[in-house]
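Below is one structure, written out as structure tokens, with a few remarks after it.
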């Protein structure tokens, strides 16, 4: 259960509604997920976070699906339940199949393993990598 | 400085040399980086880790560059210096430009921020995401 | 569900009861939360942990509310569900409002983002900061 | 060594210079630290990150020193060398003494310990905390 | 709820069944836990992960119970709910008592505390330790 | 470089000296490592931390070497450079060989991998494990 009250659309002030509207328009959905309803406790936090996410996740030199998968890889490494669920759903919507998810997880698992080994033995960075 | 002695090619036993040879052939390089020279302290650990990395990083439904960028995203989130340096180098070799690296980091940074916010407010997973 | 049995007051031996009594007196409450009932599986672990927490969280050059908010910031970064809930409750009891919580989370989120960026690009520490 | 080239003021384009100027004005310093010179590899990443930090760290219901200490607590928990050094310096500039730093670290250390204990025994959240 | 469908024995293809059989034989149990049923979404990921775990957890210079406790210590530090539960159960099956679990957790808690303190104050590694 | 000044024995007040003496006596060494010289900035933090470490690391139902290896496993997972170096040295002094270290790291690496996979696919805890 969230540690603050969720702000529903009908109870939201104009600033918050404007962000909610933009979220629904940008994502082509007719509802707002809990994450934003929680941030609305402080409208500036909501607005700033949404604008950041919108800019960062827009198509660029990396395509939106690749970005979603990178987002998911970070969320898994941090063990964030909400984020793993929402970004798995987000990536599937953008075309991620079970096979792609499995390959992604295989890379994430392997990276977590070798990160531990490199730190664990205190391996020095090769000159060629700098 | 590594906490065990690095095993150089000329001092390696046949099992270790075979892995070193396979690393150089697979990656089309003429040297072996420190990570593997440290794992060689236990030849089975070296062999198992290399075979895992080789399989996981091979082209699949995800292309090798996407996999390298996911690997890098995990390494950044874990703050692993060796891994950040080696996988930045690895991704550049496969075609990652400064612009791609910047977009990748922007996503990784944003994901770490919203992971903290979702955990921090204990946001409940929306039914639609499960 | 906890991985060990919780020790309730009525089943506790004198050493454990003494700690439970001290917790209730110090915090001016008439109940003991699950965290301590779990640590009571090893009375010395309970006693040592409680004495540490009591000393560290006592008023010092930092006031108790600031300390609770710092505790919460760490718990969020670690993604510890129990700790986020208990220290959000603890900080509210000491006067934290929704607005303060939101500013705290905004800082915690931003710190997690820039930590990732600084590690991700392997930024060198400026001489002026050392 | 950073994985991208640092952009110095004299080599920066107008957008980047404007951010550098704002950083120096806001912080009342005559130099720009490495973190920003690295982000300048992508001017939008620089601008967005700086504006976020500026807004979040401005005086609010929490004072700037408290915010710096929370930032430091997160950086320590993530083990981010750059961030620990820069935010320790930042907090000292805003008035943090050795005694305050020690109390902060004592809280951060204790929180990391009890976070592990709460997760380790899988303690259930008390109803009273929800 | 898992983000992919679990593959039950009766629906599994021969490759997956062979791994399931080996898990049950090796562990002397008549069921397969959810972790493997999820990895079966990609049979190669299942096979590779199981073979790695089987090799690593086999008796060596470290005995199986010590290995399980080390596995648990890592899982606690990462806050992985599934892993904490499964490896606490696994270690108990191999002989871990409540008293051993408590001592293990006391070490894990203390290590997380002093890790934070060492990072927090940026303590330099003594020459004698290198 | 540490963010506070190290307190050397000759400059230490009696409380600090008493802890330093106890560290040297308990560990049968004639020097004090940097970690303690940094904590001495706040004598109570030094005393409390040392007494905690001394109690937790004393022989119990787990032997001192097993405890050191668990400490090291946590330090690796957190990526704490100081702690990895000091506890690798500590474990070696208590008898850890290169072969034991390699097996320990193999377990730590594997645990970090499967932790990510269990979190990544959001595997539900089996009833049998609770």
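Just so it is clear, A, B, C, D, E and F label the chains in written order, and each chain counts residues from 1 on its own.
Throughout what follows, contacts are C-beta pairs under 8 Å (C-beta built on N, C-alpha and C of every residue); 3 or more make two chains touch, one makes a residue touch a chain.
Bear in mind that the values here come from a model prediction, so they are computed numbers and not experimental data.
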Ordered by label, the neighbours common to chain D and chain E are A, B, C, F
By Cα centroid distance, the chain farthest from chain A is F
The chain pair with the larger count of contacting C-beta pairs, comparing C-E against A-F, is A-F
Farthest chain from chain D by C-alpha centroid distance is chain E
Chain-centre distance (mean CA atoms) for chain A and chain B, in whole Å, is 21
Chain-centre distance (mean CA atoms) for chain A and chain E, in whole Å, is 27
Residues in chain A with touches to at least two other chains are numbered 1, 3-4, 41, 49, 52, 74, 77-81, 84-85, 88, 99, 103, 105-106, 108-117, 119, 121-122, 130
Among line, ring, star, complete and other, the chain touch graph is complete
In the complex, the residues of chain B that touch chain D are 79, 84-85, 88, 98-99, 101-103, 105-106, 109, 116
Per the touch rule above, chain C residues touching chain D in the complex are 1-4, 31, 33-35, 38-39, 41, 49, 52-53, 56-57, 60-62, 66-67, 69-71, 73-75, 77-78, 80-83, 85-89, 97, 99-100, 103-104, 106-108, 110-115, 117-119, 121-126, 128-130
Chain E residues touching chain A in their complex are 3-4, 41-42, 45, 49, 74, 78-80
Per the touch rule, the chain B residues reaching chain C in their complex are 76-77, 79, 81, 84-85, 88, 105, 108-117, 119-122
Residue set of chain E touching chain B in the complex reads 1, 44, 48, 52, 55, 130
